[in-house]
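In what comes next, chain A is part of two complexes: it sits with chain B in the first one and with chain C in the second one.
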Partner chain A sequence: MTVQKVWSLFDRSQLYECYECSKCSGSCPVTLAGDFLGPRKILLKCLQHGSGRVIRDPLLWYCTTCQVCQDRCPQEINIPELLTGLRNKAAKIGNIPERVKFTVEKIAKTGRSVLGFKVERERKRYNLPPVVEISKEEISKILAETGFFKDLKIDH
Partner chain B sequence: MALRYAFFPGCVIPAKYPHFESATRAIAKVLDMELVDLPFSCCPPTSNMKLVHYDSWLALAARNLCVAEEQELDILTTCTGCVSTLKEANYIMRQKPNRRRKINRILEKAGRHYEGTIEVFHLLDVLYDHIGLEAIEEKCIYDLNMKVASHYGCHLFRPSYIMYPEFLSPSHSYVPTSIDEITEVLGGEPVKYMRRFLCCGYPLGANVDEDASYEILREKLYYIKAAHAELIAVACASCFEQFELGQVMIKKKYKETYKLPTLYISQLIGLAMGIDNETLGLKEHIHKIKKLLPRLQERTGRMRATL
Partner chain C sequence: MPPKHRKIATTTPGKDPRIGVFVCHCGLNIGGTVDVDKVAEYAASLPGVVFSAANLYTCSQPGQEEIKKAIVEQGLNRVVVASCSPRLHEPTFRKACAEAGLNPYLFEMANIREHCSWVHLHDPEAATMKAMDLVGMAVARARLLEPQKEITVPVTKSALVIGGGVAGIQASLDLADSGFKVYLVERSASIGGHMAQIDKTFPTMDCSICILAPKMAEAGRHPNIELLTMSEVEHVDGYVGNFTVKVRKRPRFVSDECTACGDCTHDCPQIAPDEFNAGLSTRKAIYIPFAQAVPSTYVIDLDLCLNKEGIMACDKCLQACKARCIQFSQKEETLQLQVGTIIVATGVDVYDPTSLTEYGYRRFPNVITSLEFERLINAGGPSQGNLIRPYDQTVPKKVAFLQCIGSRSTRSNKYCSNICCMNTIKDSLLIKEHWPETEIKVFYIDIRAFGKGFEDLYRRSRREGVEFIRGIPGEIIEDPETRDLILIGENMLLGEWYKYQVDMVILSVGIEPRHDSRRLQQILNLSTGQDGFYLEAHPKLRPVDTASSGIFLAGCAEGPKDVKDSVTQASAAAARAGILMSRGEVTIEAITARVDPEICTGCGMCIKVCPYHSIYKDEETGVARVVEASCAGCGTCAAECQFGAIKMLHFSDEQIYAQIDSATDNEPEKKIVSFCCNWCSYAGADFAGVSRIQYPPSARIIRTMCSGRVSPGFVRYAFARGAGAVLVSGCHPADCHYINANMQTEKRIRRIHKEMRRNGLNPERLQLAWVSAAEGQRFASIMEKMADFLKRVSPEEIRKTKEVYRKYLGEEAAQ
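Take a look at the complex of A and B:
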């Protein structure tokens, strides 16, 4: 199985529905804070040049996934799905922030996103039961089937 | 009969904020809810796994749904990230036959299969819709008497066509009110502030750029302060972390001091119910709520709940 194509996660015909009103980018929190292109410009670039150039932009990863763009879009364009599709493709070509890669690899190998040596001791202080054990083998088995290790070139 | 749920505390709360879990279990006991612990894995988050490898995200989420379905239990989560992943995965597994078939084929290799018979709720939904505000109020022995700014967390309610399809406005949008309404029955004062539904910025900081994420937070804090709120109530461990650490970083960088205590919603309810400060873990916080505690005002004729 190969990684999803951008247009299998986002219906490409939605690109043509955009009014260019910029309600999305005006609402996007990240445009407050940095050089992130913002949803409207990303969409426009995809329309004009296809996804090839956009997926090389490291700033794609600035989107917080807050989804306010989709919520406010008068055309109900599912921009978060576009940004998900683009980043799936970006990750495959190696445009993936170190920290994101580190976290997903940890999830794949341990089944959890946060680990710690002191966890059980801290939990005991609050009379909490130990964190329920899960089968790491089951998690890896599922992810081997989805193509996770192969697509992201992570040893398995 | 006690309400029973498959308890999905997520990764962050059990490991980093066990006191949120202890507060949640304490109020669950007072409200006669049974929380069943099951072998759930990481949800996994929409802000990393889904962005990197969609099928892996959906397959792991669907595996968690299977674990609860096998016990015939609905899921109760305590984190907005978890509820967003699990509700969306549930939606896809029910509404998109092609994806369902594909994911079930993968899960079958691990001996599982998802039928789509369970529901996923955030603690807030359970408190608001299943337990009800009246039943919560009945168990409160104190009035909070504090001005509370709510921060719901984007993933609790967006995309609204998946998270709250039954409550959409004519423009197909939805914003929640549960924290504010709960604050009211606890005898607190919900504070309306500008940019209430703005993102806290957490995923941006966690994934790539903390400084940029604190810029977003700073805007929020500014309006929270302008509305004279005394504390912030959240329903998510990541939002909590952003408010708690973000205030420290913003002080360092911009010399702006907010000192707003941030409480997880179960801690706030626990305070009104008279649950002891150790169980609620209040001393773990950087921005202490201690100076607000004398505000608690006993309600006449109410008995302290015994744990």
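Take a look at the complex of A and C:
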């Protein structure tokens, strides 16, 4: 797991535009809720220490990808994209919360992220037609191709 | 239609040229990349070159002495220096030549620094090859150079100063004190500018209006200054020393006899927000901008007044005025002024933070800008100097300043506004002076206290207990009950999150170019930098000159600066203008058009394209004639003439053909023959060099005064010689330094594109690009793109092009 690989998912030169105003961290709704590092610190750690330590941090998954950090960044740095890249890497080394893993497994198996029977029940109540059937094999195939099962160590 | 026949340069060398070539190392600037000795050796082998040498610094005194010595000892009649941009040192070397008795127009420069060594740092071999080519081209042109005589024109001993802020006032006073007539044009009703609005100045904490008002008054009564308020420059004609300026003067509706008693205002029924107080108070339709206004005359805002279009609906002010100075009959006037020099001091606008919705300016009444703060804390302001919250008029106990609002951001202005840090520090001390108990927090990214006495003021502010917190709040939330403001963000230095409740927030807003600065830019043919401020001729050595001779910059129009720097620059601009005017005459470059009456058919095409209307048809002889005094030398007439009857002095067809020849001697398919106009694109290429932006070494730049000089023949000839691609570049359409000559360029290129398509050639091989003097990056990326394109041009295509354009090679070559 070298640093190089994370940068391959993200345009690194963008990060050097950061001049540490901390408007992103000030805007981040998650920082008020817990010990989340905040976008600024994540970005700075990636630049100065490499992403090795950041992707081991379980709090990385607190980010809601609401994109307010990018919206307000004076340098228009695409921070959510960095977070997405980091989380892809984190998942590969097994740093992925059970809840998230449960959801992605659900997608792999059913093609949907939410429980099917609950949705059907609700739809029935509003007289909506049942959800269109999805080809699970197709989804499975795509996910297998992308290395999804191997990376997340999911049996299928 | 092809020209009947044009002489080809290589076959007609000038009269027995004895050329001396001096190749400059420029320390390591050139020598570090280019093999200078090899270039000098190559130069020696070129026909006509009798002397060649490499120097460490050609521009140094010993370097110049060597040129002079060689001229005398070797009997040189042409000199070529291969070094930096002619835009930098051409005058230096021309002078050296003249001192040795050589006509300065027999000097030529090869730009192997900005256009070669600096932009090909990592490819010494290609850079050396290119430098050799560039020297070859310069020598080829030098062979055909002819001595020219410069004409001198008188300089009108009066100046126009545009903008009556502190910079404009200072420049006017300096010039007026030197004995020159000054027209000070100000568009609002009073001079004074932004400085009049500010309460105190940093770092000395002087009362701003107290130090400005005496200067304003002096400017108002100075016998040499004609103050034109409510006026705007409409049109400028002419050239250095002889500008004709049209000024539109809007009516004030109050005559000069006004005693400023204020009785009229008292009775006026119409009310509007007061601009001077940043909208925090009201004024009437008849008003005086502020107490110290100069001229001290009231003014009627006709948009607000009830009397419109000559219909009198209200006469309260007329009744109230005992001096009888209200004149609704006043009309707009257009004045025509003759001036020798122009100083642009138009100042800046203040950034409007409304678009930064997270800070709630205009939504939350207690969020104000630093300019509004200045008016609140000023004793003459709407609250008589009491700092109050706009919502409930109470004195705030906790105040927060937010820095870098509208500065240093790709979302607003990219540059640092220079003044906001110190302004906030000064403001914090002002609050502490009157209300020492106030808690003040300054949220910053970096504090830039760089000037004389600035650090002391910063220290004083910290000692007074002002808290400086690193980390800009992400957002401001308003408590709907109390209208207090909650700031949320990260205290970076503590690594903690903060949530502060304050009574009032002051957004420390930046400054930006005037919203309509583009208008004056077009009137005066100025350039702007990437940030939108007017561009100086040289950032270090000619900081107040512009690229247009006789026009100077002062104050914030050139870039953000504080009062002291504005005043310094204003005095500098006045001195520069004064030099021109006290000398009383100025020499104009001998680059003008000349018509050969033998060849001219009197078709009148040149008359149509001349942007200056300097060509007329001589009724007697039936041929065209050029008025040399008003010819600016763009050369668009010569490019238009189908018969080769117009000769551009110093940029003749022969000289340019010789350059193309030399550029395409070796491996022409790998070259981009590039025509760059002197003012924008050549300067843009220079800027790429100064910024060390790297691009492929395929360009061979030929300088013309204007892209309009590039005749279709040049392009066809370059293709006939087998050039891989041709680039014609000039100023952006509205920025042409010769009014609109580059419009002709566009037309001509379109014509050749059509012609190429008709002949089954890829028109992409001829590119037209607009590059301004500030767009080095753009120039480099165009080169990058074209070099990339060049790789895909097949030898077959080159062969075909050569065949199509074969007839343009001239008689001898075609045989």
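The rule we apply is simple: the second predicted complex is superposed on the first by the 141 of 156 C-alpha atoms of A that agree within 3 Å, B and C clash if a C-alpha of one lies under 4 Å from a C-alpha of the other, contacts with A are read in each partner's own complex, and residues count from 1 in each chain.
Definition applied: a residue touches a chain if its C-beta (ideal position, glycine included) is under 8 Å from a C-beta of that chain, and two chains touch if they have at least 3 such contacts.
Predicted model only: the values in this text are computed from it and were never measured.
Asks: Quick check for you: in the superposed arrangement, does A:N88 touch first (chain B), second (chain C), both or neither?
Replies: A:N88 sits against chain B, while chain C stays out of touch.
Asks: Would you sort A:S22 into first (chain B), second (chain C), both or neither based on which partner it touches?
Replies: second
Asks: Taking the superposition as given, does A:R40 touch the first partner, chain B, the second, chain C, both, or neither?
Replies: second
Asks: Regarding the shared-chain residue A:E76, is it in contact with chain B (first), chain C (second), both, or neither?
Replies: So A:E76 meets both chain B and chain C here.
Asks: In the overlay, answer first, second, both or neither for which of chain B and chain C A:L32 touches.
Replies: In the superposition, A:L32 touches chain B and chain C alike.
Asks: So in the superposed three-chain picture, is A:V104 touching just chain B, just chain C, both, or none of them (first/second/both/neither)?
Replies: A:V104 contacts chain B only, not chain C.
Asks: Compare chain B and chain C by how many residues of chain A each one touches, and report the one with more.
Replies: B
Asks: Which of the two partners, first being chain B and second being chain C, lies in contact with A:E133: first, second, both, or neither?
Replies: In the superposed model, A:E133 contacts chain B only, not chain C.
Asks: Just which bits of chain A does chain B share with chain C as contact spots?
Replies: Of chain A, residues 32, 68, 72, 76 contact chain B in one complex and chain C in the other.
Asks: What does chain A use to touch chain C in their complex?
Replies: Chain A residues touching chain C: 19-28, 31-32, 38, 40-41, 68, 72, 74-76.
Asks: Sort out for me which residues of chain A touch chain B in the complex.
Replies: 1, 3-4, 9, 29-30, 32-34, 61-68, 70-72, 76, 78, 80, 83-85, 87-88, 91, 96-97, 99-101, 103-104, 107-108, 111-116, 119, 122-123, 125-129, 131-135, 138-139, 141-143, 145-148, 151-152
Asks: Contact residues on chain B for chain A in the complex?
Replies: Those in contact with chain A are residues 11-12, 14-16, 18-19, 21-22, 25, 37-42, 44-56, 59-60, 63, 106-107, 109-110, 154-155, 158-160, 172-173, 197-199, 201-204, 206-209, 212-213, 215-216, 219, 279, 281.
Asks: Give every residue of chain C touching chain A within the complex, in rising order.
Replies: 358, 404, 408-412, 445-446, 470-475, 488-490, 492, 495, 497, 499
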